[in-house]
Amino acid sequence: MSILHTVNKSPFERANLSSCLGHANAGDAIMLYEDAVIAAMNGTAFAARIADAAKGCKICVLGADLKARGLDPANVVAGVSVIDYAGFVDLAADNASVNAWL
Amino acid sequence: MEDDFDGGTVKKFMFVNRKAPYGTIYALEVLEMVLISAAFDQDVHLAFLDDGVLQIKKGQDTKDLGHKNFSPTYRALEGYDIEKLFVEQESLEERGLTAADLMVDVEVISRADMAKLMGEMDVILTA
Amino acid sequence: MKFGILVNEGPYNHQASDSAYQFAKAAIEKGHEVYRVFFYYDGVLNATRFSEPPTDDRNVVKNWQKLAEDHKVDLVVCVAAGLRRGIVESSLAPGFRISGLGQLIEAGIQADRLIAFGD
Amino acid sequence: MKFGILVNEGPYNHQASDSAYQFAKAAIEKGHEVYRVFFYYDGVLNATRFSEPPTDDRNVVKNWQKLAEDHKVDLVVCVAAGLRRGIVESSLAPGFRISGLGQLIEAGIQADRLIAFGD
Amino acid sequence: MEDDFDGGTVKKFMFVNRKAPYGTIYALEVLEMVLISAAFDQDVHLAFLDDGVLQIKKGQDTKDLGHKNFSPTYRALEGYDIEKLFVEQESLEERGLTAADLMVDVEVISRADMAKLMGEMDVILTA
Amino acid sequence: MSILHTVNKSPFERANLSSCLGHANAGDAIMLYEDAVIAAMNGTAFAARIADAAKGCKICVLGADLKARGLDPANVVAGVSVIDYAGFVDLAADNASVNAWL
């Protein structure tokens, strides 16, 4: 059964996202929101890990949280989808369970 | 008891502990959650990974801190029929610990197996 | 689909309660049911009757109250977590109710998905 | 020596207020003066009059109150941070006072050391 | 104004911002602290490092979030004679940013120079 | 002027301690307390960094926080001192300022 993993902290500040990536199974989805959205951006020290994770998992990022932080939704890592809260709800519905990496 | 609540639905619950005890309250309040869950006859799993492995480290002594030492409660879980405790091997190793350092009987599993186990759950509560 | 929502942090200091509220609103707008919002850990602080945020900012407590009013969402505050942190009947905002932690486990059983927002 | 202490987090959820209290007590025991304890961010929640923790655990609010009583320590809650989070005159525990953020800057000027405890 | 408060003591204050805005309130409430400090005629320094560099990223738009966008206040600091803003080069680079991405005039310095500057302060407040 | 740096979070969970080590000057003191005490222990994945930092800085750890977590004060990294709250107060007094890495 596929899981929606949610991560809301910056990978530069906390280990949540690393831990999540270490436990995500192929076919799972990962939702980046709040301060985690920086992880979705091109050109950061974390970008390669996200690009790699996007090969096995569906990775999404919340557009509202990107925009609030002045981060350009057009500049996310290839393979990452920018979605809104409605899309977030769809992800939770489409996967069998939700694991919030708090 | 199942019938009292919802006609016998039994879900696989997993409580995932990722944080050290005492620095924040999450370990204690998750434990309160786990104890309550016993009354609902669900299929309860406890996972300890990342700093959460410290929650069940032997020899906790909070006298000098003024906090209540709630760690004996982990040993009481068996009495509530909560017996599926899983600890992640890699998390122990990073912190220089082994299963011998833990106060309760647990199954030590690899990160890969922990990930698989998570995939079998209906409800996952992480703190 | 039925969603249960768990809120782990208080208002303003963390974005968690804002995100949970936006998620709940979006779920309802899409025709889903929000079976219950359960406030645990510092999340109980969302239910204070004394919050008076600056007028040019959002009002988190009022947002929850309006959601409950408009869509009959069940807003439940954990009694034990509330006692520690000073959320009791005399400090509780209208629209919230205080109950036991069993209400969270029950939400996990009854809802199709349980989703947590925290720190 | 004069110490100013800043407390950034609420009671129970984080150890910060416990650590700040233990530090303050130890400083006084060593003959230092605690010029002021300032409660900011979620730290204002230390001043709730409604907290009723389990009897087998420490009582964080009472610890602060006793420190103020025994050693005349000035416990100041930031008015703006308190308004957001529901710490206002009607929810304030005795022994604390509400004042402006200037009291923190003043503590930084007047005290020999300012030390913060938080998340 | 100095004399009103304490006979003219001027200390070097540094407000260190290490956290992203909006996910937590620290950025906003530190800014409120900085504004108040202006009334005390102290020697005020602002440092942005780690995720704190995001606080002064250009183009913040919180409309869809419901939060107040407080970032214009950073541009108003000059009017309060708060002009010593330091940003850490390494923190920018890790996040794929350059000084051109920032909304205010700052001095971009190395981590080593930031460490040295911290050593010259009387009061350091980090969040 | 020397600084007392304080760190209260686990280096496995957050970047606070790494950031602190990157900004501590020779002769500064570093106080590990609350969840940061795990960093002081022998045998962890972080121990080598602490041993290295102890060459230039005075590193102390709060005994009460070690004991609460079942960590043996006798097993800390060589060069790290185990102290009590009174010792913590002394460190704050003996250095010119305190920088709490929150």
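Here are some notes:
Think of it as A, B, C, D, E and F in the order they're written, each chain with its own count starting at 1.
What we mean here is this: a residue touches a chain if its C-beta (ideal position, glycine included) is under 8 Å from a C-beta of that chain, and two chains touch if they have at least 3 such contacts.
Quick caveat, the model's predicted, so the values are computed rather than measured.
Note on connectivity: the fewest steps through touching chains from subunit A to subunit E is 1. The chains in contact with subunit B as well as with subunit D are C, F.
Identification of common neighbours of subunit C and subunit D yields B, E. Looking at which of C-E and B-C shares more C-beta pairs in contact, the answer is the pair B-C. Of all chains, the one whose mean C-alpha position sits at the greatest distance from that of subunit F is C.
Relative to subunit D, the most remote chain by averaged C-alpha coordinates is A. Centroids built from CA atoms put subunit E at 25 Å from subunit D. Rounded to whole angstrom units, the spacing between the C-alpha centres of subunit A and subunit D is 38.
Taking the mean of the C-alpha atoms as each chain's centre, subunit A and subunit F sit 33 Å apart. Multi-chain contact residues of subunit D, defined as those touching 2 or more other chains: 8, 12-13, 15, 22, 41, 54, 80, 114, 116, 118-119. Among all residues of subunit F, those that touch two or more other chains are 8-9, 12-13, 15, 34-35, 64, 84, 97-98, 100, 102. Contacts with at least two other chains are made by residues 18, 22-25, 50, 65, 67, 123, 126-127 of subunit B. If the chains shown are joined wherever they touch, the resulting network has some other arrangement, not a path, ring, star or complete graph. Chains touching one another, given as pairs, are A-B, A-C, A-E, A-F, B-C, B-D, B-F, C-D, C-E, D-E, D-F, E-F. Subunit E makes touch with subunit C in their complex at residues 22-25, 65-68. Contact residues of subunit B toward subunit C in the complex are 5-6, 9, 11, 13, 25-26, 29, 32-33, 36-37, 39-40, 42, 123, 125-127.
Those residues of subunit A whose C-beta lies close enough to touch subunit E in the complex are 8-10, 12-13, 34-35, 38, 41-45, 47, 63-65, 67-72, 84.
Residue ranges on subunit C touching subunit A, taken from their complex, read 1, 3, 8, 15-16, 19, 22-23, 25-27, 29-30, 32, 112-119. Subunit F meets subunit D in the complex at residues 6, 8-9, 33-35, 64, 84-86, 88-90, 92-93, 97-98, 100, 102.
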